[in-house]
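Shared between the two complexes below is subunit A, which has subunit B as its partner in the first and subunit C in the second.
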Partner chain A sequence: MIQLTLRRLAMAMLILFGVSVVIFLLMNVLPGDPVATLLGPDASNADRLALRHSLGLDKPLPTQYVDWLGRTLTGDLGYSQYRRAEVLSLINAAWVNTAILAGFSALFGLVAGVALGFAAGARRGKVVDKVISTFGMAGLSIPSFFVAIILLTFFAARWRWLPAGGTSLSGAGQGGLGEFVRHLIMPVVAGSLVTLAITARVTRASIVEAYQADFVETLRAKGLTGLQILRHVFKNALSPVLTTSGLQIGYLLGGSVLIETIFQWPGIGLLLYNAIEARDLVVVEGTTLVIAGTFVLINLLVDLLQAVIDPRQRYALA
Partner chain B sequence: MTELTADDLRERWYQSEVSVPPISYWSVVRRRFLRNKLGVAALIVLILIIAAAVFAPWICPYDPLVGKPADRLQNIFSFSTGHPLGTDEQGRDMLTRVLYGGRLSLLAGFVPTLVAAVVGTIIGTWAGLVRGAVGAILMRIMDMLYAFPAILLAIAVGSSLGAGLSNTIIAVSIVFIPPVSRIAESETRKIVTSEYVEAARLSGASRIRILRTQLLPNVLNEIIVYSSGLVGVAMIIAASLSFLGLGSRPPTPEWGYMLESLQGDIYVVPAVVAVPGIFIFLTSVTFNTASDALREAMDTRLG
Partner chain C sequence: MPSSEPGRRRWSIVVILVLLGSLLVGCGKGTVGYGSTAGILRIAMTAGNIPFPSTPPDQGYEGYRFVGNNIYDGLTRFNLDQSKTIPTPQPALAKSWSISPDKLTWTFHLRRGVTFQDGTPFNADAVLFQFNRMLDKKFTYYDTIDAPRYAASFLQFKSWHKIDDYTVSVTTKHPYAWLSYDLASVYFPSPAVVKKYGNTNYNAHAIGTGPFTIKKYVDGQVMILQANDHYWRGRPKLNEIVLYPMPEAATRLSALESGEVDWAEVPSPDALSQLKDDGYVTYMGKYPHGIMPRFNLFRKPFKGNIKLRKALNYALDRVGTADLINNVGYPAKQYVYPGHPDYAPDNPGYHYDPAEARRLLAEAGYKPGQLHLNMAYPTGGSGNMFPDIMMQKLQADFTAIGVEVTLEPMEWDTLTTISLATLKSPQWKNIDILWSSPAAGMIPTGYATTFQCMQSADTPNASGICNKQMQADYQKASSSFDPKTSHKYLQDMMNIAVNDAYFLFWMHDLNLRVMSPKVHGFVEPKSWWVDFDNITVGG
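Now for the complex of A and B:
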């Protein structure tokens, strides 16, 4: 187990390194000159060269990367000229909000998804299964921003039941737990619908497959009741569900750009969106790095968790 | 006696022994697919949507880009004024814009899927065949791209390339290449060591011939099933990028962008605002349903 943990850790480090290379290349090699953006079209050639030198852009690319990585590792993600603030302090202020939103979305989507998928898989071919499968297919195919707009139209605009956006955590609107929940409902539902649908589909497929395994026959021969067999099946079906869970949390973090923008939720996603609009590449770079890095770590945790609960995985992964 | 070639022998054998005509794999798949009513229904709706979008210039009497401001924001079902799906904030006919927009949205669904399927298959099959250092490096690069949440990678690529539909298509293609190549690689590894490839090698088939007749058909089955499920996802990612202002630029209609630009009028004509969203949903859900049906018909076991 220790050996496996170390190996997985080394792998995650390698992937993190790769992620940093990809982000660096995206922001530095592809078209678009940061110097031209910063100085505007009227700047003189000498000014451009001077800025180029002071930003270190005249050095060879690998040197630039090492410099950038060194700064990033020491916690210096750069300074946003546009926001007039350190990128790290911007992210520090935003990440708690994203963690709250993504956390609750993951909780809701995964728990409800497993429950629905379980119900459908256990009653395969029955009405329950058909209703849930149809719902799963629909949830998979609907864009989250469209769900968000529909929710806003009815719950915020027409019936005025829920606030249209923002969070009760910051600013003047401190309203205790009730307000906090009221602000969370729509973003969580809109954001987690896809998670819910995919989790339900994976759980259902996994339960159906586990039911076809030989051990079910053995249990039946031993005289176990349907409910007892279901317990064994559920345990065996959990592994693919866990793998998807890790991926889903990552998608929730990525999708937070859309959801946070629509509901004006002051998290990393909104920060990224505003940075894209302003072409504030330092912030784009920093936020992308944080989200992708978190995704890698979550997948590492899921891998290890899987090895803990399922001994077979220990050999498969090692 | 003249010398008999293998083909002559095979011909003779067919004439004498085989009384039932051989059934090809694809005809079996077609028959199984046609038995799936839901899948067939989805396919028909899908074909209708695609046809309507492709033939939009011949169907629609209105200009998709220029409207009459006097007719702005009419509700849906305004048959008397000739706008069955209403008009948008500039008085442009919504039905016309939705159909024209469908051309771009469908393009943004198909092109990245095709590109990723071709490039991913090449990378994955190559990595699976040569293995060693080259294969390992290729797959590790894929792992690194795969370590991003899909939409985040698309946003990062899109924002560094700049706004525009072609950039969106490039971004989504890059997002899809890693998962396709992973499937192609694992499938290739499995097939290369299989007995029928061994048999083909023993019978003297060249590497190219094994690749063409044994390997690719089997790898492609997996890729076809997987890719068919990607089109809907690609459309949603592309629409999301447009919604964020990274996709197609005004006034060109595209479903995600239309939804974004109409958002402000949600209190006036909610049903009209919903139109592009409903079309994204309808196209995506029919694609996914047809893909599920194809998966069942082809009987591959892929999650």
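Now for the complex of A and C:
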């Protein structure tokens, strides 16, 4: 197990290194000039050259990368001249908001997905199964931004039941738990739809497969009740659901750029969107690295968790 | 299969009902919308973030409109409380000024008794502090970021002096009549705050002399401005202004309709009739803003080919484009709108005439299908109207005369950097036509970057425009202290621009914005800026 953990950790580090190279290169080949964006149209070329020099942007790309990586490894993600703030402090503030949104989205998406998938799998071929499968397919097919706009149109604009955007955490005079929940509902529903749909489909398939396994016949032969058999089936069907859940939590923690932008949820996705718009390279690099790191870490944890609860997986992963 | 067991069926139904119920939690009770709060004006901006309260602010003119002009004052200010004429500079922190006989030195007499929002006095020292902060690289508080951003406003400064505690002078490099225009957007921060927090941390503690002071500022989320009780022009009528960044049009519209904001910038034109039916007040009016794409004059096919540039101007179906955007804009004849003081009289400009366009195209040396162009345009961004739908129309119009156009959509910030790099740079030289959305004629100095051979001291015009007569007209206008004479020169400049077809004269914007009927006292000036002092919001 220790050997497995170390091996997976080494792979995670390798992936993060690869991600850092790709991010760095991508941001430097994209069109647009961060210095020009920062200084605006009135600055002279001499001013732009001076700032480029002071930011180290006139150095060769490999040197810039090594400088950046060196700083990053010491926990210094740099200073955003555009936002006039430490990148780490910007990410910390945004990450808390994303974690709140992701937490509730994961809770809603996974619990509802497992429950629906379970209900569909247990009632395979029946009306319930067909209805849930259709909704699952719709959840996967309809883009989340479209769902977000539909929700905004009806729940915010037409019926005025829910606020259109933002959080109550920093709003203007609107506070309390009720307000907090009301601000969360639409981003959570729109953002967790894919998670819900994938989880439901995987759970359903897993439950159906588990019901077809030989051990179910054995359990029946031993005289177990339907509910007791269901418990065994559920436990055996859990492994693929866990893998999918890990990926989905990683995805949600990475922050959804579209959902956070549409609902003005001040998380990591919105931070990334604004940074890309402004060509704020240090923030884009830091944010993307944190998103990738979160994703890799969650997957690592899921792999290890799987290995703990399922010995077959331990051998497979090793 | 166990599916026939009634217990499990009930269980499945319960699960589904619980989930559906959880979806509806919070939706059904106690939610009646926010409605307006008397004295508080809540605004949905198009900006992706709260504009920095720096001097100058960021986020383009939205930054000046909502943050800069409310927190700060300049030595001069535009008369934005009227909608009849293009606003001109009026006394503000300078209660008067005089100009030396050689027209080089301006002496400003400062208003006495003005204090910054932190209680420190505004005086000649505060003026010189900001001038040094922007101009003197040896000054302790020289701001390496904001100084270059303010460069255009200080372009003509040669020297500046304190005469006494309430008098300062500025000497310009040449006789320059538009200094009062430049100084309207030069804001004065409290020197005490800059010294205390430094330039780096100033934004979080920004203090000016303006009608509002920052009550709450959460980067990326909200800024609450509170009325300055001691404002030198009298306390504004609003108690608070709340600013929200909402770059998505759908979000702004929903926020307005849900009663979360009282004012939404640039809603989708498709929503206009619905908004009017729902009782919202829409504002539209002529103001200095247009979409005037620029030809790449550094190379063929446009360099030296006036007929081709004219052909494309005749090919544009401007009325059709305006229809597509629900007439929230109208066809352009010149760079500035008809009625603007710089509008060239007796020049009808270009109208939609495909036959004439085809004739000119042939005379320019191109048969239908021979010319293929690349045009860069932004996908959105403040002041860009509705680029996607407009560009599709342009592409169809050009195709109709046998000119193919490849559309190159890009982010607004990227496009603005093209202007700085110029269409001559290796990265952007493949672009034939560049989208441009100028504040055409808001301030005369705004013409410099587009009409002059050099857009700054060391950077050529972005699209390669360099016409000696236009250059001379601009110089004479800027050194003419009689406004009528100045406008004459600028009219001549506009006339040449039309005759030589330096731009695609396409569309003027009508500055669509929509407000709750509870907002009163709003005057829509012919400007990108707004006077908030007399606005009220009913409960």
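A few remarks follow.
To be clear about the criterion, the second predicted complex is superposed on the first by the 275 of 318 C-alpha atoms of A that agree within 3 Å, B and C clash if a C-alpha of one lies under 4 Å from a C-alpha of the other, contacts with A are read in each partner's own complex, and residues count from 1 in each chain.
One rule holds in what follows: a residue touches a chain if its C-beta (ideal position, glycine included) is under 8 Å from a C-beta of that chain, and two chains touch if they have at least 3 such contacts.
Please read these numbers as outputs of a predicted model, since none were measured by experiment.
By the document's definition of touching, of the two partners only subunit C reaches A:V189; subunit B does not.
In the overlay built on the shared chain, the residue A:T261 is in contact with subunit B and with subunit C.
Of the two partner chains, subunit B and subunit C are each touched by A:L152. Look at A:V128: by the touch rule set out above, it reaches subunit C but stays clear of subunit B.
When the shared chain is aligned, no partner comes close enough to touch A:D214: not subunit B, not subunit C.
Looking at the shared chain after the overlay, A:E277 reaches both subunit B and subunit C.
Residue contacts after overlaying the shared chain place A:I23 against subunit B, while subunit C stays out of touching range. Counting the residues of subunit A that each partner touches, subunit B and subunit C differ, and the larger count belongs to C.
Once chain A of one complex is fitted onto chain A of the other, the partner contacts of A:S44 are limited to subunit C, with no touch recorded for subunit B. Residues 31-32, 149, 152-153, 157, 261, 273, 276-277, 279 of subunit A are contacted both by subunit B in one complex and by subunit C in the other.
Taken in their complex, subunit C has these residues touching subunit A: 1-3, 5, 7-9, 11-13, 15-16, 18-19, 22-23, 25-28, 30-34, 40, 42, 48-49, 52, 58, 144-145, 147-153, 200-201, 203, 216, 218-222, 224, 240, 242, 244-248, 250-251, 253-255, 257-260, 410-414, 416-417, 419-421, 427, 449, 455-459.
Looking at the complex, you find that subunit A touches subunit B at residues 14-16, 18-19, 21-23, 26-27, 30-32, 137-138, 140-146, 149-150, 152-153, 157, 202, 205, 240, 250-251, 253-255, 257-258, 261, 272-273, 276-277, 279, 281, 284, 288, 291-292, 295-296, 299.
Here subunit A touches subunit C in the complex through residues 31-33, 36-48, 50-51, 54, 81, 83-85, 94, 108, 112, 115-116, 118-119, 122-126, 128, 132, 149, 152-153, 155-158, 160-167, 170-172, 174, 178, 181-182, 185, 189, 211, 226-227, 229-230, 261-264, 266, 270-271, 273-274, 276-279, going by the rule given at the top.
In the complex of the two chains, the subunit B residues touching subunit A come out as 140-141, 143-145, 147-152, 155-157, 159-162, 232, 236, 239-240, 243-246, 256, 259, 263, 266-267, 270, 273-274, 277, 280-281, 284-285, 287-289, 292, 303.
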